[in-house]
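Before we start, here is the structure in question, set down as structure tokens.
Letters are used for the chains, namely A, B, C, D, E and F, taken in the order the chains are written, and counting of residues starts over at 1 for each.
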Amino acid sequence: QVKVQIAVANAQELLQRMTDKCFRKCIGKPGGSLDNSEQKCIAMCMDRYMDAWNTVSRAYNSRLQRERANM
Amino acid sequence: PQLQRFMEAEVQKQRVQLLIHHMTELCWEKCMDKPGPKLDSRAELCLVNCVERFIDTSQFILNRLEHTHKAKPFFSQNLSD
Amino acid sequence: QVKVQIAVANAQELLQRMTDKCFRKCIGKPGGSLDNSEQKCIAMCMDRYMDAWNTVSRAYNSRLQRERANM
Amino acid sequence: PQLQRFMEAEVQKQRVQLLIHHMTELCWEKCMDKPGPKLDSRAELCLVNCVERFIDTSQFILNRLEHTHKAKPFFSQNLSD
Amino acid sequence: PQLQRFMEAEVQKQRVQLLIHHMTELCWEKCMDKPGPKLDSRAELCLVNCVERFIDTSQFILNRLEHTHKAKPFFSQNLSD
Amino acid sequence: QVKVQIAVANAQELLQRMTDKCFRKCIGKPGGSLDNSEQKCIAMCMDRYMDAWNTVSRAYNSRLQRERANM
């Protein structure tokens, strides 16, 4: 149950940071609606942000394993 | 259980307050580069639109995560490790 | 009592963020005292920051009500 | 009660430490764009002034909030909802 | 003791998760100024290098703190007040 | 024991913020290794950051004492 709580907290953290970054990147002056080009920008930004998160996680884990192997 | 419900409601309220502080900061940066002697109508409209578009962005992201296949491997990987 | 604690925490949070933003905006290179033009700038910045906080709160609440009405 | 007073003092100390970390970051950005091989006297004076003006700013804001009418609706609204 | 060991491991995992979120943000800023339709190999290499250099930087700083004389007065001052 | 915990938390906080600031300042585009000039930059940045932390602490404490003397 603790594991689930941490996984949920982790997903929420990712969601919050991604929303913040993609809002800053894709919405210049906020207008009367989320127009088509802004939606496309957000969709692309989300995909790249999750790619970045995955790449960073993998890079961190592989570094950790190399360090452990060297000890 | 009543105390618990009360506490949960208060925690939820505090979460909303933090979100409002966060949006104030974000929209302040987007809409108020030069604070003048009054809140002019242009800045006010910008602030209101900023809040609306921020919530739209959150909902757009949540919706897309639920409907896309990409989300599944991420969240399951996330839950299983 | 929990309610009061939360209201105090909320006011402190607003105060901290406002101080930070207005200090960054109004004090360029920090000099030997808070001069008159800096004080005026801070006063104006405070008023606008509280206006912004009020406007954001109202906009958030009206959105929430619209969403609830649509459900 | 003695333990409680001890804990409160420690919590207060930690709050001061966080404030010092925050001011270090803020004044680092204002005063140290190019860190050199020594802390030169100009950067040092800038850091000291930066701390003094930051505290002045906090006090100015607090004083003004207490004396202005604008503060009342805000804080009462804040407490009542 | 078993529960305690389990909790400590979970807290440690959460610390790692926060570090990963922090590095994602930092490396996103360094490597992804214009998110394209695909994660190109240049951005991917930049992200991997960014993680490696961030960890190098942390280790470099920790090592240097342990070996330098400057660290001692800081940490002892810090512990004694 | 509480005192030690706080001192450790405080040192960790300093370490984290210093690592973040010096990484941002000294590593432009992250390359295949931490090269010599980057190491020199980090070393200098660390020393200056700790100087800044010390100067800020001293300035804060001397202000606090002046305020207490005036009361």
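One rule holds in what follows: a residue touches a chain if its C-beta (ideal position, glycine included) is under 8 Å from a C-beta of that chain, and two chains touch if they have at least 3 such contacts.
Small disclaimer: the values here were computed from a predicted structure and weren't measured.
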Compute the shortest path length in steps from chain E to chain F over the network of touching chains. 1
With centres defined as the mean of C-alpha atoms, identify the chain lying farthest from chain F. B
Farthest chain relative to chain E (centres taken as mean CA coordinates): C
Between chain A and chain F, tell me the centre distance in angstrom, where each centre is the average of that chain's C-alpha atoms. 28
Go ahead and note the Å separation of the Cα centroids belonging to chain A and chain D. 32
Chain A and chain B: spacing of chain centres that average the CA atoms, whole Å: 15
Listing for chain C: what residues touch at least two other chains? 3, 10, 47
Mark out which residues of chain B touch at least two other chains, giving numbers and ranges. 27, 31, 50, 52
Looking only at which chains touch which, which shape fits best: line, ring, star, complete or other? ring
From chain D, heading first to chain F, what order do the chains fall in as you go round? D, F, E, A, B, C
Under the definition above, what is the set of chain A residues touching chain E in their complex? 2-3, 6, 9-10, 13-14, 17, 21, 25, 44-45, 47-49, 51-53, 55-57, 59-60, 63
Interface residues, chain E side, partner chain A - complex: 6-7, 10, 13-14, 16-21, 23-25, 27-28, 31-32, 35-37, 39, 44, 47-48, 50-52, 55
Chain A residues touching chain B - in the complex, by the definition given at the top: 3-4, 7, 10-11, 15, 18-20, 22-24, 26-27, 29-34, 38-39, 42-43, 46-47, 50, 54
Within the complex, chain A is touched by chain B residues 22, 26-27, 30-31, 46, 49-50, 52-54, 56-58, 60-62, 64-65, 70, 74-75, 78-79
